[in-house]
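In order of appearance the chains are A, B, C, D and E, and numbering begins at 1 in each one.
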Amino acid sequence: MTRTTPVLEIEDLHVRYGGSHILQGVDCDVPATGVTALLGRNGVGKTTTLRAIIGLAPRTGRIRLHGREIQRLATARIVRGGIGYVPEDREVFGGLTVEENLRLVDPERGVDAPVVERLFPELVRRRGQRAGTLSGGQQQMVALARVLLRENALLLIDEPTKGLAPKLVTEVADVLAEVSRTTPILLVEQNLPLVRRIADRVVVLDAGQVVHRGAAAELVADVALTRELLGVSMRREGAA
Amino acid sequence: GSPGQPGAAAGGGTGAAAGGTAGSAYKVGLVYSKSGPLASYGRQYRQGLTAGIDYATKGSGAVAGHQIQITEQDDAGDPAKAVASATDLIGQGNKIIAGSTASGVALQVAPLAKDNKILFISGPAAADAVTGANRYTFRSGRQTYQDVATAGSMLGDVKGKKVTVLAQDSAFGKANVAAVTAVLGSKGATVSSVEVPSAATDLTPFATKVKSAAPDLLFVAWAGANATAMWTTLGQQGVFDSTKVVTGLDIKATHTLFGEVATKIDFLSHFFDGAADNAAYQALDAGLKKQGGSVDLFTNDGFVAGQMIVHALEAGGDDVDEMVTSLEGWKFDGPKGSMEIRAQDHALLQPMFTATLKKDGVNVTPQLGKTLDPATVAPPVTPFK
Amino acid sequence: MTSPTDHLSSTHTDPTGSTHVTTDAQDAGDGAGVERRRRLGRLRTVVPAVLVLGVLAYLPYVAVDVPGVLPGRVNGPGSMQLLATCLVIGGVALSYDVLFGRTGLLSFGHALFVAAGSYLLTISLSEWSMPLPLALVTALGLSTLLALVVGVVALRVGGIAFAMVTLAFAQAASIIVLRNPGGATGGEEGHPLDRSAVPDLLVGVANAPYRYWLALAFVVVAWVVVTLVVRARAGHAMAAVRENEQRAAVLGFGTYRVRLLAFVLGSFLGSLGGAVHALVLGGSNPHLTTSEFTLSLLVMVVLGGAGSRWGAVLGGVLYTYADARLVEVSSAPFVQSLPDVVGQVLSQPLFILGAFFVVVVYFAPAGLTGLGGRLVRRTASR
Amino acid sequence: MINAEAVGWRVGGAQILDDVSLTVGAGELLGIIGPNGAGKSSFVNILSGVTRPSSGRIMLQGKEVTDASATRRARMGLARSFQTSALFDGLTAGENVRLAVQAAGSAVLSPFRGAGSATSEVIDSLLTRVRMPGRARTLARDLSHGDRRKLELAMALASEPAVLLLDEPMAGVSAEDVDGLTEIIGEVRDSGVAVAMVEHHMHVVLGLADRVAVLHHGQLLAVGAPPEVTGDERVQQAYLGEAL
Amino acid sequence: MSDLLLILVTGLGLGALYFVAASGLSLIYGLMGVLNFAHGAFMTAGAYAAWLTMGALPTGWPVAGRLVVGVLVAVAVGGLVGLVVEVVLIRPLYRRHIQQVLVTVGLSLAGVAAAQGVWGADPRPVDKPAWMSSTTDVLGARLPNDRLIYLLVALALFGGLLALLHLTRLGLVIRAGVENRTMVEALGIDVHRTFTLVFAIGGGAAGLAGVLYSQYAGTVSPAQGGSLLIFAFIVVVIGGMGSLTGTAVAAVVVGLVQQLANYYAATGVGDLSVVLLLALVLLLRPTSLKGATA
């Protein structure tokens, strides 16, 4: 791997909610290419990390996007600065139509943007349906399409395949792989086979701290390490 | 040690202010609207009261060497607050309570007077029910019945005439309808009423109803903010073309609110600037000027209350029953003219006025019509329950 | 979108992540020592309550002057009457919290039941010439029946819609009271209490301490009832309905029945408060029927802290106290000395109350008790 | 234990479910799979009484419950979890479970009936069972996503139901815990409960299900033993694709 | 016949007034979930602003001219009040809907009291153009001219607001922000400004309603806004909470029902008619209020 300057640098990131100290000094870089997977057990702070980057969690520490500090900016500014965010619970606008959901980001093209037509033809068919009545998988498509409408310096994607049918998981994996060719992605994912397939690097969190950093292939190869960090082996999972 | 008597003062004394010894003050409590919707009535009353006490004590503010010490409390028009304030004042040893700008307050405070055997002199509250409430309750203003009787006088002989009452559908409105029916109906008029729900915003339907009833006399009993809209609507629908319209004249600030039709209305009046002239009136006028006020509707009630308080104290000193006895049947001259407190039910018999409004530019001033004799507008006797 | 329960999420959490709603229930601890801890916990809620009750019950013997705070002596009639009114309203606020804080029912019609208790008592005493006990039973019975009927209808909808239906019912009642049907309610002038029908101990200025005790007794009754209910299954069911109604239904709670129970229970306590109010004040007045009164109940509960017994009572007491005493502030000399416009504005008690309320909502969103709890914890952790 | 007979559901002019008939017997686990938007959650909603079908009948323990409320069905021994967690957010995890335990009790709703004190052990054991011990005092709102899923399952188990409906219990659960939860669900089934489970994790479905039903565009595409179904070409086409 | 015409026309005029009063309320509620109890105070502010303005302008001007300036000032003042209230009081309480509502309750108490302190509780007369206080004879009915003005203003407001919500990007952002403000921000859209704008628009509409109502009543008084607010609430609820079209329909229905009941029904029914209507709608069509329940 060539050593380029990272797109995102996180130094000593802390998040506290009242008395509980959720992130306790996270340090990591996201390189300017490929997929970086953020892994960890339930509740270790993966989502919180993404939310802290985007400015949705109360944070201290330093976060730099392309060398520019962003930890004091408001969410909207950060996003306009080039970070796209796909939240864990999809959070589509249920009362708005599919079309309106997309037009929110791209007033001109919306559903008719080439990227949507190519990746999510289902949405084009359902453009007039209220997003709240879409199935879980369909909503995930809206959430993804929404950020892809814009040029991004970095995408933060939180468990995009959660609740998707196997076939769609494959499709989403393909979409992400393709997107990652042009845009770096910081991906939170529980589906280890998918991680193995598209991630270049992994960062593993435990109890609010980074406990492992390295190439994805390395982790996959090391059964003992995988078991220690994540409680399972990637290989066996993949066999299922 | 043992806790002693609940409510007793420290050291087991009997009541905080036994008072009475020469030189100590006579305590008078005032419970009236200093704030709230009736605050301007309250202010007039208060200014009148100061002038009245001044007049009756010849400027000394004292009765037989005892200074009259007034303690005020604001009821904001809320009976609950009034009861609490009155309890407090009575507890502090006030033997006389005066005030009650709102009828609700008067009717809830009156029982306290009886319970605690203190003198209560109700203020501007117009409810008929205050008269005859109990032996300890008096009033210093007029009552609804006297208003209505004044209106009736404007028709001359009402026999066979059609009278319509336009009133709000509330206890106040109903009281007016009942009074009109009693006063004019008994003299042979046919009385009907148009009652307006308190929730109504647009009054056109009621104006239309009045119009189609085509009465000889329309009596309007209205209290509330949408009076201007009501008058405008009556004017627009042409009620004034065919009917004599009578209503009560309220405080000065409202004289400009009749809009276009101001000069077409016949007013009955309890009191206004220029309604009468005697020593008491001049004292009132002078007293108000000193306080930066001017003669207006309820300044009379305050002034009269002042006269009654001083008279009661002169005769009774500290003895409430003496005070009551001294007031019963008392005849005196108030700013309106000669007054009499009827012994049977403590009705305040007093002259009433009729008036019209004169517009000159933006100014609107009332002009005196007739002055009615107390007897012709006297309410029937309602003995104590 | 919004539901009246949204707020609860914020009211019940403070930044430390602990909750106050659940103090009764935090015994879901681990195995051993649970029983002891529970008993301790119970002790911790009972002891302060008994202490406060003791102090309050003794007040009529305290002949101390607290100038500015109370009118005259603590046990003087004025102070006693004022405190009695405060307590009654505090109890009524507690009854409202059964609906609002516990079950998440935003009712704008609670005034209806308080007024029903008050008016039905005064009416059955003088109009129907009943003896006091019978009149009391009649008033409570009829009010509860009314609550049942209104509840059955209004609970068909939820959220803001429920608020508006209850408002509609209360408005209707308010209009009816003002219309003075058959001379029964006295219209805007209210209906005085028939003095001859109640014990002498409750009449007259000198007996204000007895009215005070009566009010205190009402608060105790309401407190005990609410405590029992909150600890019982029904209380847990109410919390479940408040937090997530659909979920509660799927678990097998009859949510309609739970809400109805809360509604009727709250209304029953409210009408009891209304009846005591009539006795303490010596009459019923139409202010009780207005939606402003319900609104002020809401204000009280939030002021003190929704979903907490201390909060509701404290809110009610403080609100009533402030409402009564602010008049003094407005006429204070320093206000008179202010520039004209400022002075004119400040001389309106409602202005001060409204502004104070905004400040409380703003700086103590969990209510005054929440604020107190936070301070206690903060100093403790130092 | 529970059967759906020719269930159909239309909403807003669209036929979401069409003539679906399925039965789950005691001690049986039926896996329900199908593409996103096939109508799986809608079907679970109809079984549990959250929505009413436009046609067809639902039988629970031999009685018709088509028009019975969710509450009634819960009382008859039916429990369910939701696809997107539906918890009492303002209460702690322990209280959530306790409510579920209490709701299951058949006692009438008496305002003065005690809350029941023996439940704290039950609560702890339930939480331990779903692999989240020691979280009893955390507010549900503050739980991480995976923990919410587990709590959801604990609540469904709390009532010791006769019929258990699970809507994607594994979604978002960390890989480590998937096996554990799979095991729990297996145990529940083995204790004689009729379980219907919607799930996209194929290895979970294949490992657990006695039979698998495939929904596609609101219709039953196939029902049968797992190998049979996964072997079906149409199922591969519509649902599995080339699995990862 | 002429009576019926008169009742219908005044009913429509009343409905128009209710709509103007309710539209700002509905907008703010629908979009921000804040049931704005201070709306009445906003209306009062508008009414007094217009009254003061009209009084300050040279009396040589025609009344209609002064009124037009007054209306503009009232809308501006209403908008400004809304803006300030949102920025200072509502925004920091973001997501705590009940607290937001309570703040507005506090404001409504304080606002009315302040007006009362400064200008007194008594109503003050306002100037009304002569044409507006006169009538036009149609089929024997004397129709008050001002009702036509109210109708036109209401129609223009309705059209303008609909266009704003459904045709503009601002409208789209507003509708999305209502559902999930955080997510709108996470899409890179500054939602604060949008919401402030909504409050300002709502406040402006309230200011407008305030002047119209003071013209209607012929006076200004501190409690005026509050009395209109009750009807505005009812209209908003019947209209389905936050639906602008629903609000418009409900306003007309409430206006007409009130007038008809007051004229044709026995005394007492008119009083309860609106409340009965509300209860009926809620009980027969509770689903139309789902938006409010969810």
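A few notes on this one:
The working rule: contacts are C-beta pairs under 8 Å (C-beta built on N, C-alpha and C of every residue); 3 or more make two chains touch, one makes a residue touch a chain.
The shown structure was predicted, so the numbers you read here are calculated from the model rather than taken from an experiment.
Taking the mean of C-alpha positions as each chain's centre, the chain lying farthest from the centre of chain B is A. At the far end from chain C, in terms of centres built from Cα atoms, lies A.
In this view the innermost chain, defined by its CA centroid being closest to the centroid of all protein CA atoms, is C.
Between the Cα centres of chain A and chain C there is a gap of 49 Å.
The centroid of the Cα atoms in chain C and the matching centroid in chain D are 42 Å apart. Centres computed as Cα averages put chain A at a distance of 77 Å from chain B.
Centroid to centroid, with C-alpha atoms defining each point, chain B and chain E lie 37 Å apart. For chain B, residues touching at least two other chains, in rising order: 35, 169, 197-199.
Of all residues in chain E, those that touch two or more other chains are 116, 178-179, 268, 271. Touching of two or more other chains is recorded for residues 17, 175, 179, 347-350 of chain C. Residues of chain C that touch chain D in their complex: 8-9, 12-13, 17, 19, 21-22, 25-31, 34-35, 38, 228-229, 231-237, 239-240, 242-244, 246-255, 257-258, 261, 265. By the touch criterion stated above, chain C contacts chain B in their complex at residues 58, 60-61, 63-64, 71-73, 75-82, 85, 175, 178-180, 186-190, 192-193, 195, 203-210, 281-283, 285-287, 323-324, 327, 330-331, 347-350.
Of all residues in chain B, only 35-40, 169, 195-202, 204-206, 208-209, 212, 225-229, 231-233, 236-238, 251, 253-254, 256-257, 259-260 touch chain E in the complex they form.
Residue ranges of chain C in contact with chain E, taken from their complex: 1-4, 6-7, 10-11, 153, 156-161, 164-165, 167-169, 171-172, 175, 179, 291, 295, 298-299, 302, 341, 344-351, 353-358, 361-362, 365.
Chain contact summary for the complex, chain E toward chain B: residues 3, 6-7, 10-11, 13-14, 17, 116, 120-123, 125, 133-135, 142, 144, 216-219, 221, 223-224, 227-228, 231, 255, 258-259, 262-263, 267-268, 270-271, 274.
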